[in-house]
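The chains carry the letters A, B, C, D and E, assigned in the order they are written, with residues numbered from 1 in each.
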Amino acid sequence: MAFLKVNNLKVYYPIRGGFFRRVVAHVKAVDDISFELNQGETYGLVGESGCGKTTTGRTIMGLIKATSGEVLFENQDLLKMNRRDFNQHRKDIQMIFQDPYSSLNPRKRVLDIVAEPLRNFERLSPAEEKKKVQFYLEKVGLNPEAIYNYPHEFSGGQRQRIGIARALTLKPKLIIADEPVSALDVSVQAQVLNFMQDIQKEFNLTYLFISHDLGIIQHMCDRIGIMYRGQFVEEGTSRDIYTNPQHIYTKRLISAIPDINPENRENQMKLRQEINSEYKNSYDKYFNAEGKVYNLKPISDTHLVALP
Amino acid sequence: MLKFILRRILVMIPQLFILSILIFLLAKAMPGDALTGQLASNPKMDAQTLHELKQKLGMYDPYYVQYARWIKGLLHGNLGMSIIHQTPVTSLIAGKMWNTVLLGAAVLILSYLIAIPLGIIGGRWTDTWADKMIVGYNYLTYATPLFIFALLMLFIFGFVLGWFPTSGSVDIRVENGTFAYYMSKLNHLILPALSGAIVSTTVTIQYLRNEIIDTKIKDFVKTARAKGVSESKVYTRHIFRNSLLPIAAFLGYDIVSLIGGSVFLESIYGYPGIGQLFLTSIMQRDFSVVTALVMISGLATLIGTLLSDIILSAVDPRIRIE
Amino acid sequence: MSNQPLLQIQNLRTSFRIGDDYFAAVDDVSLTVNENEVVAIVGESGCGKSALAMSIMGLHPQERTKLEGKINFKGKNLLSLSTNEMNKVRGKEIGMIFQDPLTALNPLMTCGKQIEESMTVHTNMSSEAKRKRTIELLKKVGIPNPERTYKQYPHELSGGMRQRVVIAIAVACDPLLVIADEPTTALDVTIQAQIMDLLKDLQNQTKTGIILITHDLGVVAEMADRVAVMYAGEIVEIADVHTLFKNPLHPYTRSLFNSIPSSTSTKDRLHVIQGIVPSLKNLPRSGCRFKDRIKWIGDKEHEVNPLLREVSPNHYVRCTCYKNFHFSDEDVGDMNYGIS
Amino acid sequence: SGGKKDGKKSTTSTEKAKEDIGQFPKEVKNDNKVVEDGTLNYGLVYDTPFEGTLNYAFYQGDEDAKVLQFFDIPLFTINEDYEMTNDGPATYELSKDHKTITVKIKDNVNWSDGKPVTAEDYEYSFLVIGNKDYTGVRYGDALMQSIVGMKEYHAGKAKRISGIKIIDDKTLSITFEKANPALLTGLWSYAMPKHYLGDVPIKDLAKSDKIHKKPIGFGPFKIKKIVPGESVEFERNDDFYAGKPKLKSIVLKVVNPKVILQAMKKGEVDVAEFPTDQYAAAKGSKNFQFIGKIDLAYNYIGFKLGHWDAKKGENVMDNPKFQDKRLRQAMAYALDNKTVGEKLYHGLRFPATSLIPPSFPSWYDENANGATYDPEKAKKLLDEAGYKDVDKDGLREDPKGKKFKINFLSMSGGDIAEPLAKFYIQCWKDVGLDVQLVDGRLAEFNSFYKMVQEDNPKVDVFAAAWGTGTDVDPYGLYGRDANFNYSRFVSEKNDQLLADGHSEQAFDHNYRKKVYDEWQAYMNDEMPVIPTLFRSIIYSVNNRVTGLNADHEIDALGWFNVGVTSETPEVN
Amino acid sequence: MKAELTDQKQPKVKKQKKQHGVLSIMWREIVKDKLALGALILLGLILIIVYGVSLLLDQDKIVTVDFLSIYSPPSAEHWLGTDYGGRDILGQLIIGAKNSFTIGLCITLLTGLIGLTVGLIAGYFGGRTDNIIMRIIDFFLILPTLMLIIVFVTIAPKYNVFYFILIMSLFLWTGKARLIRSKTLAERELDYVSASKTLGTPDWKIIIREVLPNLSSIIIVNLTLNLAGNIGIESGLTYLGFGLPESTPSLGTLVSYATNPDVLENKWWIWLPASLLILVMMLCINYIGQALKRAADARQRLG
């Protein structure tokens, strides 16, 4: 019944070598993960750099080819579709990119940027098109007069909204947001986060929210999956994860969030040291002989942990 | 490393093979043959004998037969016979090739010796008068065709000042292998090499200068400065090495352009080499020589690019060849 | 220990040439750093934090920059030193940690050599001694296999490792002052935490003064003794960290605090500062520079010539507007603003 | 434009020719005393390295001949008509029936390795050229093939050439199938050192080092050292049969034509064949002088009158376009070759008046007047022939009133080619003929010959040149079965005259002269080709050189007498 | 070049106040740089004169040989004297400049077009496509270009400006293809390309509408600098005897007359003006190119 269901997804990048440059090994960027999203919720994907978050998101978007597995969107496997069908379904899934600078073509005007999907999927007269673009610009809180401007005339937060407006024109149901605010300044970050919450309500969107900043994830997400080296180590509601982290890796991530209260800094530092030594000492408890995590096991209705 | 070289050589073979077919077809597409030219000045030849001669030289065989014969010879290290010079192409080319290689190497070395300091000066002290002079020099050499420049050099240094010999690669009156012989070779080499070098500095200077200007503002240079490294050391240790990398990558291309440039230098300085030989052979339709030379220069280019890859991997730790 | 502060910046103004005119990116900044003290400088991107740091190091390109004011370091004014004299200070007495560890290292030199270089410049150590010290340093910054890393090239290391090498370079000659320009911004949380702990450790051991530049208030809370908040080239508030975090006064500081999501404020709307930081050319050069971004605060509340005033011991705030500042009722900052 | 010249008539070309060539002495003037053991620098003016196939039977490029002249010489000296004389290394005697020639090599003629030059050596050179494995081009000569027994030997049916008999060590006789006066100018007169080359199979001879690197001869000098492609050092052959050459050594160097003038001025080169296009700039130089002669060559413009029938092996005159000889004559009269010679070649070329150049003084008809520039006459002839400008566009139409376009093929190469072709086209345009370059451009050498040889229909008229060689007989260039008769002109009368010219009767000098005079007049009337220019060949010679003659390249004793009168060359 | 600038600029500028296209940034950069502006004006003037006057000139008359005035020095009748065929140098200079510039421009554009197409395709699709294309380009690299050009010139049925351009272009596009490819490879990694993909934009549209405009400044700079090099491109071939026929005058032909030492030493009016013209045009184009380069690189912009 899930809205989006990812089953046993694997994405391997080949490593070539040897005399004939054959594939000699693989980078297992995503190594057998499964999770599901319910409509209207925000699902957070967290983990340290290089753990495979982006790869997961992009694979669902069809930008990267999966090695194996299923991505069921409204019960249809996106990975098995041909190009045309896929494009039709892809309309419902859109993406917000990490870097608001590189995700907008600097040579195009806002009008052309936002109208791009419309031109691909709908035949509109220029006047209709303009109206529609302005409608969405207004929705994302930008001056509709700005359609003739170029991206570099906007701040990072504004650019991020342009990107969102572009995604919205297709009336998507799912938005994958890959670190949508990590390139933004603190004050601008807030702007975008607020706004994402606003439109989520308005358009009944589902978010797959990728970030390494647990503060933000906690602020935004209903459920959270913790990734480690291409695999899930823990999954649960925000509450489960923050108040009752089970896996040592999750604990480490949480302890790494700097505390905003300077009074706590000594404790915070001690906590980190404790968890670090626990991480070192009880490594075997959490990882199998190959250094891989164990399969997820439920410890409550909502909470799953990878423990033996 | 060895694997890398082997693989590259493996890739070369089909390339050279295609090249051989291409050049063979082109050669055959050219009007005339090697005998035509000879007869223009020596019309004492009846049609029958001419026919016989052509038959003897295999000129009537179908192309594929000629090609097969040629490629078979090639595999045995036999490049065929020059019809014009009545001598095996291998021995025809051998001597000249060393001259061209020598000249080419000298041009390359001299051009780097000139270009690198100038590029460095221009890049380090941008917009100073020295830099402006260098840029001016660069425009001038860029605009001057090699052959005009070489002639001017020859007139000035060869004839007016009389500092250098004006033709040939060595003084015939010195004994082979003696010290005087090598000095004479060197003496004959300087002027042509210098002419070629000066004209070919343009690209290197421009590239190096731009590269230094770009590298100057890189973060790691700031790091170096923040360490208190003196300005000159910042340049020598951090900027120059990084800027010189692309120059190493150019080596392969340089070899290609050297072969082109050798035609002019060799003809003006009466320096016997394969560039000139190629030109005459084309005009005289001495196809075995033409094809052989094209193959050789193709091979030289391949080796050149291989060499620059190896050099690059030696100086740049980021590039590793297995 | 003398009472003399380690570094004393007085009325520093750093201007860049754009076209034919000079524009000040750091405007009338005064700041002191004492031994064994961590002074954090926070502010949005483009407010002049790096420009300030580079001014101290004297690393701005001379032909395009104008520096006014004084930077007293151990009794001498750094601005009046010659390049040669400055080179003796750089690396030896003041070390610098750069933001992006990927580009801050020379890709063609081994990490060991790059660390050794500052010792080569400033000391007469034998190469064996340098090597030993380098490996020691690498160990100190928490690199697990220092002998190997000594021989490795930057591209062979991960981002966190590289940043450690950068830190090792900065502290190689036991400087009295370290300037860390956003040392953790390019790193992810877990590594950031490690680097923070590392810096703190180092500081505890060596008692150096640190200028920590960041825009992450969490990092400030964990690291700093004193905090200077910069906005548009000016310092708008300075206080010790506890005061500031408990009682931020300047509207800008308060806005900053309100805009970070934290565990205490789940799913609520975050505060947004209206408008954007004006570019260097468009900076307001008179009056309160923050005025445009808090439009609901009347003109009269601002000083004509805002000064940094001590409002309580060692707590300085610029402009009187803080007195009447309140967050706007509507969320105006969020919607409908024009384009700069 | 150049075509429209002043009305005044030019002096006849013959006078002009004499005048022009008169400015060049044939022999260098220098009365100073020759220094002993001098060294001379010879400049081989050539823009590519020479290759060095250093044997008369095998060499192909002119530059090789220029190296050969120093160390290997023909057996006979020649007179001014290039007929063999008995003043050289060998003497000859003709049999009564003029079919057999007996050659006797002088006793003291030895190869430079000391071995005597024998009759067998002379025979050997025929055996090489006639051999079926021979890879050179000398066998094509008609005279060579008319040696008795040569064809059998060539076909491999005989071990020797039956017509060549060795009488004793130094004497041999050669018998021809037919008596032919060309024998005296065209006999193969080079010996090959059999003792030296004999062990190399004939098919490998051409590529043998003995020809490329260490050739021997019996000339006044011998090779001391070769630096391939650029220079050769010769030293005196002390054993030279005629005595001790005056120079001790000669250094030959390849010099680019672009710098030869500078090299002459600097004294780096003592002797060189001087490129005509730089003559104007060189004229005033003080340290060297010019010697010259009229070259064994002429330039012409040919009309394509037919095609070569390869099966029958003869020319067929079947192209209607230029069959009217008035048209051909008119095109000849339209050309202002005098201006070309004077202005473009600075007098080094002059209008040709017949198809036998004045370099054969006995055979050249002084009274032949070719077609001297006369545009009015050209126009009249065209009017007569019916080529009139019907549509008044300034260009003549053909007699049927159709547009008349002539395609002109001219060869590229050298600086002068293009303006010359342009000039001719202008000249023709001045008399109302519409002439255009084939493909709109000059044809590169090989394309040119391909088109001309294959009688490409694109070509109506072509400009070419012939080197005649020392043999005056024009049969090979204009005979019915001569492939080189590119205009494909044939007529009974022509056949007859050419046959008479090399009949036995023609051993009679006067008879032969009469025949050739008649032939020259006939060809000037029929005008299948327009002789355009005769040329002179000039040598620049440093003032210190003595004894050099403009014939040195073909004269057996050419370099024997050359000396220098000071140790160092004169410098400008 | 110039036409392009004005054509594209005018209408847009009218429509709106701000214009941030590549061209307008470049235009601004040129105007800011006095040297470049001067160069642009000078080059424009030269080109107007050259193309204008050559329309009026009777080309046939200029290449008409006149043996009565061979090598005449500059005079009232022949302002720049005559060559060895008595042909007017000034006329040849003007027509030659026209031909040379046309040749340079066409070669530049043609190689640009081929290089662009190939480079974009290789860079955008990457993988196997890229591999095949790169092998082809590698193959071109080993071709001895000069030699093959000579062969082609020899076998060309008709040798005129058009063929010359084709032959040269055949060998010169590879460098551009490499450049564009490497830039495209970098560009393709940027998120806006991914964004377009996720929006269902077909590949060819992404290449043309998204990637191409972002390479435009690099392309323009590269083409400009290349144009400078291509102006005298035929001179080397002329020296070797494979240049254009003299009935098609070019600057290269005039310059290579200087290989006759007599001309080089004593008849400056034949080769010097052409050499200077080449130099001046090249300098102009280079200065413009430098300014454009700064425009392309925001760090170096003057304003």
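Quick notes on this one:
By definition in this document, contacts are C-beta pairs under 8 Å (C-beta built on N, C-alpha and C of every residue); 3 or more make two chains touch, one makes a residue touch a chain.
The UniProt protein names, listed by chain, are A, C = ABC transporter ATP-binding protein; B, E = ABC transporter permease.
All of these numbers come straight from a predicted model, not from anything done at the bench.
The fewest steps needed to get from chain A to chain C, moving only between touching chains, is 1.
Pairwise, the chains sharing the most contacting C-beta pairs are B-D. Placing every chain at the mean of its C-alpha atoms, the farthest one from chain C is found to be D. If you average the Cα atoms of chain B and of chain E, the two centres end up 25 Å apart. Separating the centre of chain A from that of chain D, both taken as means of CA atoms, is a distance of 89 Å. With centres set at the average Cα position, the gap from chain C to chain D is 91 Å. The mean-CA centres of chain D and chain E are about 47 angstrom from one another, to the nearest whole unit.
Residue positions of chain D touching 2 or more other chains, listed in rising order: 258-259, 262, 444, 446-447. Annotation for chain B: residues 30-31, 151, 155, 279 touch two or more other chains. Listed for chain E are residues 154, 259, 261, 265, each touching two or more other chains.
Interface of chain E with chain A (complex): residues 16, 18, 20-22, 190-192, 194-202, 209-210, 213-214, 216. Within the complex formed with chain D, the chain B residues making contact are 30-33, 35-50, 53, 56-57, 81, 84-88, 91-92, 95-96, 151, 154-155, 158-159, 162, 166-170, 172-173, 266-273, 276-277, 279-280, 283, 285. Interface residues of chain A facing chain C in the complex, by the touch rule stated above, are 48-49, 141-143, 146, 149, 153-155, 157-158, 185-191, 193-195, 197, 212-216, 218-220, 238, 242, 252-253, 255-265, 268-269, 272-273. Interface residues of chain D, counted against chain E in their complex, comprise 1-2, 258-259, 261-262, 277-278, 280-281, 339-340, 342-344, 412-413, 415-416, 418-419, 422-423, 426, 439-442, 444, 446-447. Chain C contributes residues 44-45, 159, 187-193, 196-197, 200, 215-224, 241-242, 245, 255-256, 259-263, 265-267, 269-273, 276, 331, 333-340 to its touches with chain A in the complex.
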